[in-house]
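Please find the structures below.
In the two complexes below, subunit A is the common chain; its partner is subunit B in one and subunit C in the other.
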Partner chain A sequence: MIKVLNPGLATSVQDMGRHGYYHLGIPQSGGMDQLALQAANLLVGNASDAAVLEATFMGPELEFTADAVVAVTGAAMTPKVDGAEQANWESFAVKAGQVLSFDYLKGGARAYIAISGGIDVPVVLGSRSTYTLGALGGFQGRPLAAGDEVPVGQGKGTAGRSLDASLRRAPGSPAEIRVLPGIYWHWVTDKSGAQFYEDTWKVAPEADRIGYRFRGGRPIEFTERERPFGAGSDPSNIVDGCYPYGSIQVPGGTEPIILHRDAVSGGGYFMLGTVISADMDLIGQMQPHTPTQFVKVTMDEALQARADRTALIGRIHEALA
Partner chain B sequence: MAEQIVSPLPGTFYRKPSPDEPNFKNEGDTVAVGDVIGLVEVMKTFNEVKADKAGTIASFVADNEEAVMAGQPLVELG
Partner chain C sequence: MESRYTFGGDEHVFCEVDTEMSLEAFFKSLSMTNAVRESQIRGVTEICPANASFQIKFDPDIIKPDDMLAEIKKLEVQAESAESSMDTRIVEVPVLYNDPWTHETLMRFRERHQDPSGTDLDYSARINGYDTVDDFIAAHSGSPWFVSMVGFVAGLPFLYQTVEREKQIEVPKYLRPRTDTPKLTVGYGGCFSCIYSVRGAGGYQMFGVTPMPIFDPQQRIKYLQDFMIFFKPGDLVKFSPIDRDTYDAAVEAVEANEFEPKIRDVRFSLDEFNADINACNAKLEGALK
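So, the complex of A and B:
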């Protein structure tokens, strides 16, 4: 068990997600950076899909009631055991009675804190992930709060294991996010479509697990067309439809929002396109105000990127086997 | 080196509780540990930045509505 002395800003239990219910309006949830989440688990000897803590922008302060092995991956936030600094992407021992805390965030956005044995909250609809908006899963359906006592399973990790830097991934600056244009692309003028890729956007401070909002590019201009029945008068509206994970909606044509792991599954905004699955991890590591360039790709390029990411995760498994 | 109060979070820094209210603190004011010196907005929440050291504010090194990084100095204490 771990006792939460200070929860940080938004620390929640996440695993690889709750799949199969999106059509019922229940999003997949799960870690925003799934590569970092899996690496953290493998470093402490867990199954790669065990539940971990995802800490956003600020680390928690946790007191351990039993010996454990811990690894912190993802965001550059230095972990400290009773004040002694530890390395990121490397497993270290925490003894019963010791306190794990964190230094300021120096890069990235979300740290994954894996504890040997995994976070042992009840499985809800096939997952331990927290869906905060729906008060579902995780620790009592919500982010951690001071005073919480979080159950941890029985583990057998080894301290001192690290993941080579060549097997880690983080967004560059500017972050380059690859996009496959979608079925509404023809709603946008050619000029405006080109501007979307040319402009440097910036992550808005509102960006969260539900959606990543961007500002700073020129507004979308729409082609003249007859409004479909039931879509409303705003040119960014559609007759309600399904929203894929990673889709980019632009309400009012002004600020693109990339739907992420806690997103609603449908609604009435047109979508410019979809961020390729291989780049969704990177979005989870983007801080507010990160300059961002959207890069157009083809389906073949998207599939190649997915294969490359799958191969990278395979190499992480081999390196930490 | 002068003591500093740094932002605990990345986001947008505000010196006032709301646009038509006065600043939490001004240059020359004294601060005690736990005093609120500003807000950082991130993920649709406004988080109070509390002084972790006591002193007199020599200068604000971050402006109102400035984009700040975690660990970035906001205030220099004299």
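So, the complex of A and C:
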């Protein structure tokens, strides 16, 4: 068990996600940077899909009641055991009674804290992930709070294992996010569509597990169309439909929003395309104000990027086998 | 009505059955998603019907996107010839219209509304040509609604009224979405009513609240013990206006876990509906009497 002395800003239990309920409005949830989540688990000898803590922008302060091996991947926040600094992307031992805390955020956005044995909250609809909006899963359906006692499973990890820097992945500056245009792309004028890729956008402060909002580019201009019955009055409105994970909606044509793992499953805004699956991890590591360039790709390029990411995860498994 | 297919990244096929809303488009979306479920195409991970569109999520490591698309398109002929009738259920949903909680909330977010001088009900009644709010409430609660989609957040039903298009209520969403909506608010946006399953952000006009929970992640409520979400696409709903005393009594019954929603099995046929809307609705509502 671990005791939460200070929860940080938004720390929640996440695993690889919950599948098969999106048609009822329950999104997949799970770690936003799935590569970092799996690497953290493998470093401490867990199955790669075990539940971990995802800490956003700021680390928690946790007191351990039993000996454990811990690894912190993803965002650059230096972990400390009773004040002694440890390395990121490397497993280290924490003894019963010791306190794990973190230095401030130096890069990225989300740290993945894996503990040998995994976080042992109940499985709800096939996953331990927290879906805060629905008060479902994780620790009592919510992010951690001071005083929580979080159960940890039995595990045996080894301290001192690390993952080579070549096997990690983080967004560059500007962050390049690859997009497959589609869905309602044909509503956007050619000029405006070109501007969407030319402009440098910035992550807005409204960036969370549901979605990431962007500002700074020129507004979207729409082609002339008749308003379809039932869609609503704004040119960006559609008859409420499903939202793909990674889809980019632009309410009112002004600020693009990319839906992530706690996505609202549908609604009434048009989407101009979708971030390719290989780049969703990167969004999870973007801080507000990160300059961002959207890059147009084809389906073949999207599938190649997906294969490259799968191969990288394969090499992580081999390195930490 | 011609379906348009497109990819949502490398993991989703998105199909717009029609650009505008109609019961025909909804039935086709439902038949298509049923056909995808029955055909058990390998690699399908989520099957999501929506009002006039649907979405299939798949694993491109198992099936290539173009092959997935071809498999779905194959089912379209079959779905078009599918009988547009279904065995379903009709549920009576009690509503306290013009309640104090949505009223407090709509006053708090008035500057985000098209008409800050009145309430959401005043505004919606006026722009839909009703003389009084009572007439408007009578229209909203006067005939059944189809659950044409479940989503946005966990368990939230979108509802489409079974009346002629010229009688359908249409209202815009708030100019800017609210950051708060009371739990179990009965809302309206575009041509859809909805019931907010949880408290949270929202852009729909607010008309009232129901005492009947429709989502319970703890599954303590007895009629949500089999599954935490009450509604599914294809359910029918009849709103029933109630007064404050009846509302309070229903809330007490919910708290004592003694509340039982009124549910009856019915068959809906789109052909019967199109032939005689009033007779079809009378039959559906009759099941609740």
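Of note:
Just so it is clear, the second predicted complex is superposed on the first by the 321 of 321 C-alpha atoms of A that agree within 3 Å, B and C clash if a C-alpha of one lies under 4 Å from a C-alpha of the other, contacts with A are read in each partner's own complex, and residues count from 1 in each chain.
The definition used in the following text is that a contact is a pair of C-beta atoms (placed from the backbone, for glycine too) under 8 Å apart; a residue touches a chain by one contact, two chains touch by 3 or more.
Here the structure is a predicted model, which is why all the values come from computation and not from measurement.
Shared-chain residue A:Met32: touches no atom of subunit B or subunit C. Judged by the touch definition given at the top, the superposed model places A:Met16 against neither subunit B nor subunit C. Which of subunit B and subunit C touches more residues of subunit A is settled by the count: it is C. Look at A:Gly266: by the touch rule set out above, it reaches subunit C but stays clear of subunit B. Contacts of A:Leu62 after superposition on the shared chain: neither subunit B nor subunit C is touched. Shared-chain residue A:Pro288: touches subunit B; no touch with subunit C.
In the superposition on chain A, A:Ile257 makes contact with neither subunit B nor subunit C. Shared interface residues of subunit A (contacting subunit B in one complex, subunit C in the other): none. Of all residues in subunit C, only 6-12, 14, 16, 18-22, 33, 45-55, 57, 60-61, 64-66, 149-156, 158, 165, 170, 172-173, 189-192, 197-198, 200, 215, 217, 228-229, 232-233 touch subunit A in the complex they form.
Taken together, the subunit A residues at the contact with subunit C in this complex read 19-20, 22-26, 124, 131, 133-136, 141, 180, 182-183, 185, 228-234, 237, 239-242, 244-247, 264-268, 271, 273-277, 299, 302-303, 306, 310.
Against subunit A, the residues of subunit B that register as touching in their complex are 6, 8-12, 41-45, 47, 67, 69-71.
Listing the residues of subunit A that touch subunit B in their complex gives 9-10, 56-58, 104-106, 109, 205-208, 287-289.
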